[in-house]
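The same subunit A turns up in both complexes below, where it pairs with subunit B and then with subunit C.
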Partner chain A sequence: MTPRSDVLTESRTKRGDAGDGRALGARITRVDGLAKVRGAATYSLEHRPADLAHAVLVGSTIAAGRVRRVDQSEAEKAPGVRLILTPDTIPALKTASNWLGERPSEGPYHALTHEIGFQGQHVAAVVADTLEQAVEAARLVTIEYDVAPAVADLRDSRAGAGTEVEAMTIAWGDAEAALEAAPAKIRREYTTPREYNVPIEPHGLIAEWQDEDHLTIWEPSQWIAGMARTYAEWFEIPYENLRMISPYIGGGFGSKALAYSYGAIAAQAAKLLGRPVKLAVTRPQTFTAYGGRAETRQEIALGATLEGKLLAIHHRAANETSTTGTWVERCGGTIAIMYATPNFSSKHRVVPVNTVLPSAFRAPGENPSAWGIESAIDELAYEIGLDPLAIRLLNYAEHDHQANLPWSSRQLREAFAAGAERFGWSKRSPAPRSMRAGSQLIGWGVAAGTYPMRRTPGQAIVRLLADGAVEVLSAAIDMGQGTYTILAQTAAEALAVPVERVAVRLGDSSMPWAPVGGGSQLANLMVGAVHKAALAARDELIGLALNDPKSPLRHLQANTLPVGDGRIGDLEIGAFLAAIGRDHIEVLRDTFAENGKSADDPFKTYTTITGGRTTTDNGYSAHSWCAHFIEVRVDEDFGTVRVSRVVSAFDCGRIFNPKLAESQWKGGIIQGIGQALLEEGVVDRRHGRVINNNLGDYLIPTNADVPDIEVISVGVPDFHATMLGGKGVGEVPIVGVAPAIANAVFHATGKRIRDLPITLDKLIG
Partner chain B sequence: MRNFAYRRAGSVDDARRAAAEAGAMLLAGGTTLLDLAKCGVAAPETVVDITHLRGLDTIAHDPSGVTIGALAKMSAVATDRGICAHYPAVSEALWQAASAQLRNMATIGGNLMQRTRCAYFRDPVAFPACNKRNPGSGCAAIGGVTRNHAVLGTSQSCIATNPGDLAVALVALDAEIVLGERRVAADAFFLLPGATPQREHAIEPGEIITAIRIPVSAAACNSTYLKVRGRQSYEFAAASAAVGMEFEADGRTIRDIRVALGGVATKPWRVHAVEAVLKGQELSPEAIDRAAALATEGAVIHGDNRTKISLVQRVVARAIINRKPRGIA
Partner chain C sequence: MPNAAISLRLQINGHLHDLTVEPRVTLLDALREQFGLTGTKKGCDQGQCGACTVHVDGQRVLACLTLAAQVEGRTVTTIEGLGEEALHPVQAAFLEHDAFQCGYCTPGQIMSAVACIREGHAGTDDEIREYMSGNLCRCGAYPNIVAAIRQAAEASR
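This part shows the complex of A and B:
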């Protein structure tokens, strides 16, 4: 019989937890939490190599045009200045491949260019002995421009209609004809502004060359392998010679998965100077050194029967991209799968404007897509006179209509039921403006969310050490979601040791491969890899016990040889290993086979985004689901909206650590509150510049804006989705929050806001 | 780096002399100075540290009023029992200002000297034109994004909103700013931009704020500060009002009323017109609405800030209603 540790006996399973309450599934506090609150967790930018120089960037103050001249004469004379890089002086690098593994060109890459495509684009970098010297010298660099006309944003009259992205077209049936014939219909436009990831830890790096061919980068990274590849290719050194280190990440939300030009600049400076260089982008530069969520526009037409049954969904979307590149904020995701409809048509366009290239921000695509459809279905409910929850259940998709496949699991009906019960939805007064407390109008809104399962193989090393402790090694990352913790739980579960005996080491490219920590895939794929490696380590241990000529346990049989709590049979593991002349057992495993992928090209699998499975590749369509029930209070005179209650129910399959999953869900909901009510990059269209580029003016929720949030898990283990039955947790909670709030605001006030954020001027103006 | 001289003032007189020198700036809580230095607006040649000066952080109540030392922290004043009892608008304004961290650092004197949040003022590299920073250079805000800019007290030179909360309460309660020997009414201490928006306060070289004096009054005892903003905390006002009222013995006729506005004007904006029409009147919803409409007399809209006009009228009305005696409709 296997000995059970304290953790294993602590059963916390309750209905809907979808965790089994053992080590994997237990409600354990994050293992790195104490180090973080004590300041003992050393983040990448806190690394302090000797002789460190500091780089500071100079940003463009025009949105379009050309650098005519850089005058660095004053800056050069400033104390401590060691190097000034400009478009005239920066050496060329090799163009790196993109995240698909394709090289856009075989030509050179210049991290600073004369051509200016957006405000804040780096035009020079100053490196000095101290940060203060570099800051001051950067002020002394003057730049002359030839200014060209700029397109400020998607709403700029000069922006035009852009280009259709044919790969985004989704269609079945005949949506236009069905819409024309539908007895009930609505046609509305929904928009979202530029939104920014604003992680509290700024982006940046420390670059240090060991010799001409060996570079180490300390940089917060959601994707060790992908970023390491970019740096290696830029500098034309073997991938193995590039070491990327990112032990902790102070928030990324999608923005720390790629190497950006400032990284090339810092690494070039380090090479030119022969000393390590640190570059931390400033808070204002976090709005221009990389992109946030692109501004979007969606026109949605719904056709339905008079009873509210959908007949057609017609969807035309567009997002801004940069004149410097293409980003598709795919707005057709949620709308294509959320409801059953016999006729569907979605097309998407991208419109180049003068902004930094937009990028991934929590639930890219699904988030704005849900904003559109979850607002529109609500409008249709009022149009027809149906309860907003009833119309969602009436049009419940029993299978994936887009892929025409069964769901791997879809507990969305259960999520609606559990959320509605806890929220008290049945007590809702249907008419808008019918609930009030003094000057506060009260509104209740509901909306659903979803996020697809992305699945890439992973790799991990599990070591059993002589003292009975266990080590887990992987180049996976922890940006706060709890990777350290759940991987410790996984190894503890498989090896029957207490979680405290497992040490997890992450965030280092010298460790086994992991793909991007994004797309809500990392927890499931790494739990799978560590579980497999840990079981293999256990098997190896047992095999040695039964077969090694020196083993004192040789006389036993596998079924009478318990392993756990640092022991094998009646021996300490250390004593056993000593007896057979070993000091540890180490096992490396990957999960190519379990994910049905060829192991031919691990480099490509892990350094590009092409190594993953599709959402539907095994005959099932796999997604996470959620339902948000939200109460708002709107001051009728002032138009101020406060979220006063949130109940959200989630189907994320099996939950490996309910405490951490709940924390992620709540974080996503809070970010959704910000998106609904506060967040907006404010563009001065005369200059094409985002002017609220700081945390005093780019508003995110404070604690006072966050009510009590109740989260409920209704998931069940889903082995069609992932190896151990979990589904993605991190992205889905933000999806649907903004429309739930907008729907509640309509219920409170009778005013439908279709343009985020819902600010007071839109309600009383 | 851009060096500056650091001088630790030995006394108030020493600080006064040091601060009079060209390029000198006082360091008290530092929350504004460091912020402005980081964004390139402030570049002092000498920083005169007064944080340690003794006796300047007291809150002294007497029968005719209260004297608050200039170095008293915002959080200390907000929680002072006498302030809460006799000048609630002051406490409420402070509680709703900044963040807990800033309130624990920032001083009362420094709070009055804070600069505008105008995005164009705060980004000198991208927007060289700013008459406040660089007189005669123009105003980048006019014609730009002006949702948060002033509708009252603007000029062709400047439309930047005064960001203060405390200052609005002080102006409503007829406080005085004590500059050593000289005293200036709070309302006069804050200057209209006119053609000289670089001059924001009626303070002369060689003067420093040593204290704030608030006189006792029945209106101050029955005062409130109402701040409206999109975010519940840590945001500047979209519109705010400080209101203090005293009633006749009948409990419904207004004997004395003080009203000042924040978030909508280039300085804390006392509205005597509102006070005049209500004084001697019985409080009624109609009277309140009629008076509140006068709050924005002379308002000028710049681009996106139209909402401020109706909003601040509603804020004034609500603040008055919040301070009316019980039982009055």
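This part shows the complex of A and C:
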């Protein structure tokens, strides 16, 4: 860890000074980094209880139909087998409520069913003494099906038009009339395929019952409280009897926020066997045990003046969902706020197909929405003969036209300026196919991105210990975004101690409440909660020093006392606590009041997503923003695309640790490169099956696919957005990358690709 | 009895370990499940991600595609054995350059990086990128990984 002597100063708290060399804003090395580089960070599935049994799942080989018969006779005879669960034998659980806190039915929940809705759906689970025994026995389970016709995907002719989602309709002005009358217009369709989160740590869990109504789950989790609620409700045990432990998470990107059916299966097996059970989802199974980003389709029409000023945006979108549940990949988000337009209309449909229910993948909604509008605005620029950056500035939204509110902050113009300057945009030759190096066609593209501020209250404990050290406790999580580090920085800043004197403990349901680590909200809201708790702890310490009858400092009759570096006044905190007969000071604080929320129902606030604020609830519209400038090189003969240079500028408000924020920004950009050029769940339409369900065939970027990436922060502290002035960092960097690359590919080749990913067959055809 | 247990004596991180396992047990599962050496990660279990990279006789090897029985009489080094007292320079460089986020691919990246430098494949950034492309990182720490390896390689010359 980097020693930091410059944070050992007196106690004072400044708000709004980003990067002023104090703990908050400093480029502090990741505090969990030492454990991670040593291989000493223990992820959930690496817990090793005694007498552990191993469960292996058997998946459906059909996409629709019914399990007629499961023959487990051979598997039962295999060595080491202790239990086989099938639709015929699995006990019923209670149906858990969903993330809105609504119970879809009062009926029973079966984690294995005879009805098959998608290929890969769990049909059986085999539990044995060793993993090898369970794997072998699982192969011996034979399943007979009654096969029904399946709808493979959104492009399947049998899929139909689906259902309109009324709540997604956004409209102002008269988009259709304005479009009709517009002197310049384009109408295009943009599509994205199924995309998968692919964290390098596969999903899974260890379930262990302490007694018949106390269950402990070790499982990687972006949302301790939400997942704990699901398990507790399934098994009808009090929430507090469910312990959920997730100290480190090997990546999630949206996929580790919910409890899935394999979790119920493992916990049921553990209960039936009376011993702990580990269920590790295999890499191929990660493509069907939970959903990734839904396939989307958007039709966008833009009407404009001949000078390029937008008159109308007309948007019709659809995404696939499963036959048993509804996932809305909200494509109207970015397009409704990015540009100024007097007339706007957006509608969204969901279309059921035979897939696992899609779910959240980094910047759900905003990502495909930006793919559409940031491609379309680029097409309009060429149509009219404007520079792609100029058309974006010409149509700059000075306020939120959808909500008709001012922005809390929007440094997007500054992002465009800083990015263009560093990239050298002014040297761009405007015509497609006008820049080359030998057989390489060179293209430069630009696109913007955004992500809304989601905000939920948080809660934290801060403890001041006798040796001057500080502890921070929260059920928040760190999946790599740096929660451990910035919460240590926050407590260090508030209490004027070195960061290395702060120990942060996260990822345990026995700790204070935290909402979901997703939607780019967790860092900001937990920084607020820890800051409040730390200041309260300091105040309590000072109060005791001034007022406690045994306080050696009482005689000073001071109004206040300096606290810092393990001391209060001229006393060591330990010596002071000993004098008043205490071994520590502990305070618990939440941020309901600061977020304007009622504290009446913390359980609902933290275990559902209904406790969050809207993006506009305080009269300001709060979002993060970014601008990507990307160079591609396309081989003229082979159609291969390489991203050769990226400069991206971000407005994420105040940055608490630039070193970690820059890592997240680069990581989001790299996932965007994957989305643009590589990632696609390939569906075999005959069998309704994603056939590239492994890391050799579902391609994500490798080191050799990634060029130098320069990231720039143009944000300013935004106290309308959050307590300490930060805005979301994690989701926004992926938003706009794919269209920036497609725009660059058009500039290089003159070919406009509207269907992701941009593969060579689409360029040489 | 094809799966009758066999007795193995393995040298891991400089220590000899006796082990009785079925012959089909991989080195990866032996390390993680039998020895509790969970620094070696399971990302795909089919040789596609590199998270399980260890050294066998000093060369980088995928532990998920290696049977435990194959390494008897050979020297196995895992992330836990790389820098037992002080950090190995590659570990220190990864820390300094923030060459990871979630940390799950990190032990494999570091084991690969140490071998990559030793092989003489860290001469340029492009060479590092090429010879580190067997180790996937979904958080996208690649630019920082390259910076870390560049620094460690330069220091080793």
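The criterion applied here is as follows: the second predicted complex is superposed on the first by the 742 of 765 C-alpha atoms of A that agree within 3 Å, B and C clash if a C-alpha of one lies under 4 Å from a C-alpha of the other, contacts with A are read in each partner's own complex, and residues count from 1 in each chain.
Operating definition for what follows: a contact is a pair of C-beta atoms (placed from the backbone, for glycine too) under 8 Å apart; a residue touches a chain by one contact, two chains touch by 3 or more.
Note that the structure is predicted; figures quoted are calculated from it, not measured.
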First (subunit B), second (subunit C), both or neither touched by A:His687: first
First (subunit B), second (subunit C), both or neither touched by A:Arg642: first
Subunit B versus subunit C as contact partner of A:Pro701, first or second or both or neither: both
Touching partner for A:Phe253 - first (subunit B), second (subunit C), both, neither: second
Subunit B versus subunit C as contact partner of A:Leu34, first or second or both or neither: second
Broader residue contact with subunit A after superposition on the shared chain, subunit B or subunit C: C
Contacts of A:Gly750 with subunit B and subunit C, given as first, second, both or neither: neither
Partner chain(s) touched by A:Ser663 [first = subunit B, second = subunit C, both, neither]: second
First, second, both or neither for A:Pro432, with subunit B first and subunit C second: neither
Shared subunit A surface residues [contacts with subunit B and with subunit C]: 79, 130, 132, 696, 701-705
Complex contacts: residues of subunit B adjacent to subunit A: 1-2, 40, 99, 117, 119-120, 123, 125-126, 143-145, 147, 228-235, 238, 304, 306-307, 310-311, 314-315, 317-318
Subunit C to subunit A touching residues, read off their complex: 3, 22, 24-25, 29, 32-33, 36-46, 48-49, 51, 78-80, 83, 87, 91-92, 94-96, 98, 100-107, 110, 126, 128-130, 132-146
Touching residues (chain side subunit A, partner subunit C) in the complex: 29-30, 32-43, 46, 48, 79, 130-132, 197-202, 248-253, 280, 282-283, 479-482, 659-660, 662-664, 666-671, 694-696, 700-706, 708-709
Touch list for subunit A against partner subunit B, complex: 59, 61, 79-80, 119, 130, 132-133, 135-136, 139, 439, 635, 637-640, 642, 677-678, 682-684, 686-687, 689, 691-692, 696-697, 699, 701-705, 759-761, 764-765
